[in-house]
Amino acid sequence: MPTVKMVEYEDATGEVKEVFDEIMRVRNIDWVPNVWKTLAAHPPTLKRIWKNLNEVMAPGRLDKLTKEMIAVAVSATNGCEYCINSHTAAARKLGMDDEMLGEVLAVVGMFNQTNKLAEGYQIPVDPQYKR
Amino acid sequence: MPTVKMVEYEDATGEVKEVFDEIMRVRNIDWVPNVWKTLAAHPPTLKRIWKNLNEVMAPGRLDKLTKEMIAVAVSATNGCEYCINSHTAAARKLGMDDEMLGEVLAVVGMFNQTNKLAEGYQIPVDPQYKR
Amino acid sequence: MPTVKMVEYEDATGEVKEVFDEIMRVRNIDWVPNVWKTLAAHPPTLKRIWKNLNEVMAPGRLDKLTKEMIAVAVSATNGCEYCINSHTAAARKLGMDDEMLGEVLAVVGMFNQTNKLAEGYQIPVDPQYKR
Amino acid sequence: MPTVKMVEYEDATGEVKEVFDEIMRVRNIDWVPNVWKTLAAHPPTLKRIWKNLNEVMAPGRLDKLTKEMIAVAVSATNGCEYCINSHTAAARKLGMDDEMLGEVLAVVGMFNQTNKLAEGYQIPVDPQYKR
Amino acid sequence: MPTVKMVEYEDATGEVKEVFDEIMRVRNIDWVPNVWKTLAAHPPTLKRIWKNLNEVMAPGRLDKLTKEMIAVAVSATNGCEYCINSHTAAARKLGMDDEMLGEVLAVVGMFNQTNKLAEGYQIPVDPQYKR
Amino acid sequence: MPTVKMVEYEDATGEVKEVFDEIMRVRNIDWVPNVWKTLAAHPPTLKRIWKNLNEVMAPGRLDKLTKEMIAVAVSATNGCEYCINSHTAAARKLGMDDEMLGEVLAVVGMFNQTNKLAEGYQIPVDPQYKR
């Protein structure tokens, strides 16, 4: 249960309703995900995060699927349940299958291991790696 | 300074020397990175990590560059200095430029933000996201 | 379910019962929160944490509400479910409403984002920021 | 050394120069902090982060000092060197002294401890804490 | 619910079935834990992790119980629910009782506290601690 | 450089000097480590942490070396430079050699890997692992 009351679509008004409508139109869904119903408890955050998300996730030099797989990697590293579920679902919609997810998480696991070995041994950065 | 004495190439013998030679051959470099000189202080770890790395980073459904960019994302999320420097250098060698790195880190920043909002508000997972 | 058996008030004796009674008296509640029933499985930890908590959370140069909001920020950054729920409830008791929580979490989200950008780019500390 | 070339003020043009000028004017400083010179390597990130920062850090129900102290708490929990130094300096400018910093970090230390105890024992959330 | 379909023993074939059989034989159990049923969705990860685990957890200079208690400490620090539950159960099987777990978690809590104080104050490493 | 002025032994008075003297006597050293000189900027924290440390690190069901190795594991997982260096030095004083450190960090690396796989796949806890 969230620590604030989620705003249901029926109760949304003004800017919150506008964002909800835009989310459903852009995403082509007929329901409002809990993340947006929760952020609506603080409308400036709802608007800022929705705007930022569209900016950051727009296809650029990296395509949308690559960006969603990076989102899965970040969320798995942080252990965020909501985020792992929602980004994995989003990446699947864009074409990620079990084998690709397997490779993403194998990389995530591998480098969480080596990150901690590098820290644990306090390995100095090689000058060759510096820009 | 690492918390163990690094094994220099000149002092390497047996299996450690074999791994060092293989690293330089596979990577096409004439020096041994500090991570391997440090892990050599515990040879079973040196061998296991080198073997795992080759297995995990081999191109599969994801190409090597995508895997290195995910490694950058994991390392940035963990704040591991050695890892950020070495994986960024490796990704650059495979073709990542400043704009692509900009997109990778924008995604990393964005979802570290939303990960913490999702946790902070304890947002429940939508049933639609469950497999 | 906790990984140890929680000590119920009815089963508490000696020092554990004394701490439980003090918690209910100081907090003005007629029940013992799960954190204390769980820590009671290792009485030295129960006593040390309770004593430390009172010392650290006593109003000083920062008031109790500010301290609880910092506790929410730490717990959200760590993604600790029990802690987010209990500190949010405690801060609400001290006067935090949805809008204030919205600002706390907006700050938490924002700086988790910039923390990872600073790490990801390995930004050097400006000499002007050094004490 | 950052993993991208920082944009110096002398080399800034267009939107990057505009943001740099605005930063110096708003902050009332005659130099550009490294964070902005680094983010300028990816102008969309520079603009988005600067805009978000102003929005999130504007005094609202929480004053600027409280927000900066929360930024210190988040940065200390994440162990981000640049962020700890810059937010501690910013909070000092707004009036935080050694004793207040001592209280902020005592709270940060305390709840990082209890966060891990709560996770380590898998303490269930009390129904009384649920909204 | 996991984000991939778990492979049940009845449906396992080839290498996956071989690993499942080996797990049950080595562990002396008549069921396959969820971690292995889930990793089986990506067989190369299943095989690599099982092989690594046996290598790393084999008694060496540290006995198996000490290694499992370190696993509990790592999992508690990361807040990983599955891992905390499984490693605590494994350590109990090897002889850890509530008091020993209490000491492990007291140490984990203590040093998560001091880790954040050390970061928050940016304490410089004493030359005496360097190897 | 720390974000507060460290208190040198020569400038210490009253309770701070008493703690410094006790540290040097108990540890059998003729210098004050930076962590204590820094915490002395907030005397209540200095006293509380020193007292807690002695309580938690006293040999109990776990010996001092096991506790220090767990401290290394926690610090490596958190990536805390000061802490990794000081706890590794302390564990070496108590008898840990390179091979034992190698085993500690191999375990730390291994379970940081599996922790993230467990989170990334959202593996459900087996009922058999529940207490």
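The letters A, B, C, D, E and F name the chains in turn, as written, and every chain counts its residues from 1.
Methods note: contacts are C-beta pairs under 8 Å (C-beta built on N, C-alpha and C of every residue); 3 or more make two chains touch, one makes a residue touch a chain.
Nothing here was measured: the structure is a model prediction, and the numbers come from that model.
> Both subunit C and subunit E are touched by which chains?
Both subunit C and subunit E are touched by A, B, D, F, going by the contact rule given at the top.
> So which chain is the furthest away from subunit C, centre to centre on CA atoms?
B
> Mind checking subunit B against subunit F and telling me if their interface is mostly the same residue numbers on each side, over half, or mostly different?
different
> What angle of turn lays subunit B on top of subunit C when you fit their CA atoms, given in steps of 5 degrees?
Going from subunit B to subunit C via C-alpha fit gives 180 degrees.
> Sort out for me whether D-E or D-F is joined by the greater number of C-beta contact pairs.
Here the pair linked by more C-beta pairs in contact is D-E.
> When the centre of a chain is set as the mean of its C-alpha atoms, what distance in Å lies between subunit A and subunit D?
Centres of subunit A and subunit D (C-alpha means) sit 21 Å apart.
> Between subunit A and subunit C, what's the gap in Å when you average each chain's C-alpha atoms?
Roughly 27 Å separates the two chain centres.
> Any chance you could list the residues of subunit B touching two or more other chains?
Within subunit B, residues 1-5, 41, 44-45, 48-49, 52, 56, 75, 77-81, 84-85, 88, 99, 103-106, 108-110, 112-115, 117, 119-122, 130-131 contact more than one other chain.
> Counting only chain pairs that touch, give me the topology of the graph as line, ring, star, complete or other.
complete
> Which of the residues in subunit A end up touching subunit E in this complex?
Per the touch definition, subunit A meets subunit E at residues 79, 84-85, 88, 98-99, 101-103, 105-106, 109.
> State the interface residues of subunit E toward subunit F in the complex, per the touch definition above.
1-4, 31, 33-35, 38-39, 41, 45, 49, 52-53, 56-57, 60-62, 66-67, 69-71, 73-75, 77-78, 80-83, 85-89, 97, 99-100, 103-104, 106-108, 110-126, 128-131
> Residues of subunit F touching subunit D in their complex?
Of all residues in subunit F, those touching subunit D are 3-5, 41-42, 44-45, 48-49, 78-80.
> Which residues of subunit E touch subunit B in their complex?
Listed in rising order, the residues are 1-5, 44, 48, 52, 55-56, 130-131.
> Going by the contact rule set out above, which residues of subunit A touch subunit F in the complex?
For subunit A paired with subunit F, touching residues are 72, 75-77, 79, 81, 84-85, 104-105, 108-110, 112-117, 119-122.
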